[in-house]
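What follows is one structure encoded as structure tokens, with my remarks underneath.
Order of writing sets the chain letters: A, B and C. Residues in each chain are counted from 1.
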Amino acid sequence: MSYNFSLTTFLKKGELGQIGNALAAVRKGHTSVGIRGKNTVVIATKISDESALVDNDSLEHVAIICDNIGMVYSGLSPDFRVLVAKARKIAQEYKLDMGEYPPATILVKKIASVCQEFTQMGGVRPFGVSILIAGFDDGKPSLYQVDPSGLYFRWKATAIGKHYEKTKEFLERRQDALIPKYPSRVVKTIIHTEETTEADDIGTIISALKECSDGEVTENSLSIGVLNFSPPNQNFNTSTVPVPSFKRLSKSEIREHLALLA
Amino acid sequence: MSITQYNGSAIVAMTGKNCVVIGCDKRLGQQALTVDMNFEKVFRVKDKLYVGLPGLATDVQTLHDRIRYRVNMYDLEEERAIQPDNLAHMISNMLYQKRFGPYFCEPIIAGLTEKDEPYIMGMDLIGCLSSAPDFIVGGTASDNLYGMCEALWEPDLGPDDLFRSASQALLNAVDRDAMSGWGAVVHVITPEKTETYHLQGRQD
Amino acid sequence: MVPTEHHGDQWEPYVDNGGSTLAIAGEDFVVIGSDTRSSDGYNINTRYDPKAFKFTNNTVLATTGYRADCKSMAKSVQAQITKYAHDHGKEMSVEAMAQMLSIMMYQKRFFSYYVFPIVAGIDKEGKGAVYSYDPVGNMERVGFRAFGSSSALLQPFIDDQLGFKNRADIKPEERELHLPDLQQAKNIITDVFNGAAERDIYTGDGLQLFTITKEGGIELEELPLKRD
């Protein structure tokens, strides 16, 4: 007698129902946005305030994976925590082995293969999250999305979670507005946000979340992570050349950006 | 006698101005008995990255195989050329994984970085890395090589002069070491090309 | 390797006190370099314990190995040389001294001096002479020789520079035609001793440089070496 412990089995029409269901969980989750700039990647999420009594500071929405990689999610936060733990372990193991943190592609491939395993292994269910990963490849910024199926893409800018379609449309419109000299159709396919600054990108992200997500946008309801090159000899960094660094914005920093948009 | 001296070996790596050299002797012995006169101990990893493996010959071959396996996997997974410092870390880890039953081999890495800066690194048989700005030596003739290199090395040598210094260091060092010798191989690594020279030495 | 005084329960009669010597013979001179450190394992017993001894106006004996044996041996040699001078009314030649030392060492064949001696001087023809020995008195006249804890570091380099080994420009057989001048010999010794002091923990502190010429007799220079 053989048993099949897999919950992710093919439907007659050739789809994996559990993955579709996992994506539905993602679409229910709070909106997350990411933009790739010339030397930066900004990722952010709008924290849904279920109750005014919740202390949002206790939640980790934007997670630091290692010095040069950060990620944000839409979907089930407990599932995200598991992926963050796995990603951090992957990054540290890579560093132990190679003496440096992994490039974004490598981490993404490994995280995506973890996600894939959870669609095929016995006794498990897929992760109920999509994640946006900010990192560097070959010294250039990269923004990746990884889905519950293990599918991954590289984006110039994107949104996931609740209202993601609306948010993506906003980003498309916004890039047209930012670079008006190009015909929008061409801009959409060629350059996106590559001419903008880090502050521009943060502004765009906040505007997108303001416009497209539910509820009020304040420093308490936003979580923003920025990946850039930190100047040498800062924060115990002994290197003489700029090194990649991923940081979460503090509340006061978010407040400053909000003020600029007001 | 230590098991690292069973087969005999001599390896030297030196830095120059925008270039590095790494060379080895060709002898393979079983204690005083010479078995092979064409046993090279420096291996190409990439065009501008070489690894020298002085020590017990069986471990030299096994380590070379394992390094090649790891580097090939790296190529496929990362689709980029492995850098010298990453290779050094990788090998160091490989050795430390066998902390209590080590490979009897003390690898030396020599190459040019992405920016064509010279890079040399040595380590002990359990992977303790040691870097030097000038030269790294290893094998049964290491004392002799230290003496030679200390006298011959100077900063900012061009590829030709660096080749001459390394070759003289190797040949004269192995001539005073019974366990190594029988000619030498020297690889001269420059940003444009890597050239390999086979040197005639004493055949005794 | 430096053996320790006690090896298990077995008593060891010998200790290697480290240090290095290097002699180079020129056409009409000899230079002898030796460091002044004396150590026992990781301990430095003294930073100034000269290894080379002047015997006549023409001969120097440089020693490494077990200091006690070196000094005891040197004392016996000195006694014989003094006796020779009294008996013969002249100083002993370097050839005679070299031969005598070989015999003295072989007489202790079964409880030998743990010493690696070099005898240097000007021979009867006025040429620089260097004799090297093993601890039981096997003697060889050579053009240059390094002994002691740094011998592995020093010898290959002088093989190259003075023996013209593995050189494209000069063949080893033509060595006699390319003997170093005094300054070259001195430079080689100071250079290689600095290199040896850099890498060998048993060599350092000070360098004694003896120069023997027919006209000038024996001159001694003292130079600093690394003390760490």
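Here is the rule we go by: a contact is a pair of C-beta atoms (placed from the backbone, for glycine too) under 8 Å apart; a residue touches a chain by one contact, two chains touch by 3 or more.
According to UniProt, the chain labels map to these proteins: A = Proteasome subunit alpha type-2; B, C = Proteasome subunit beta.
Since the model is a prediction, treat every value here as computed from it, not as a measurement.
Think of each touching pair as a link: the shortest run of links from chain B (Proteasome subunit beta) to chain C (Proteasome subunit beta) has 1 of them.
Of all chains shown, the one whose average CA position lies nearest the global CA mean is B.
The distance from the centre of chain B (Proteasome subunit beta) to the centre of chain C (Proteasome subunit beta), with each centre set as the mean of the Cα atoms, comes to 34 Å. Here the spacing of chain A and chain C (Proteasome subunit beta), counted between their Cα centres, is 73 Å.
Here the spacing of chain A and chain B (Proteasome subunit beta), counted between their Cα centres, is 44 Å. Multi-chain contact residues, meaning those touching two or more other chains, do not occur anywhere in chain C (Proteasome subunit beta). Within the complex formed with chain C (Proteasome subunit beta), the chain B (Proteasome subunit beta) residues making contact are 143-144, 146-148, 150-152, 167-168, 171-173, 175-176, 201.
Those residues of chain B (Proteasome subunit beta) lying in contact with chain A across their complex are 77-78, 80, 85-86, 88-90, 93. Residues of chain A touching chain B (Proteasome subunit beta) in their complex: 96-100, 103, 105-106, 109, 138. Residues of chain C (Proteasome subunit beta) that touch chain B (Proteasome subunit beta) in their complex: 150, 152-157, 159-160, 165-167, 191-192, 195-196, 198-199.
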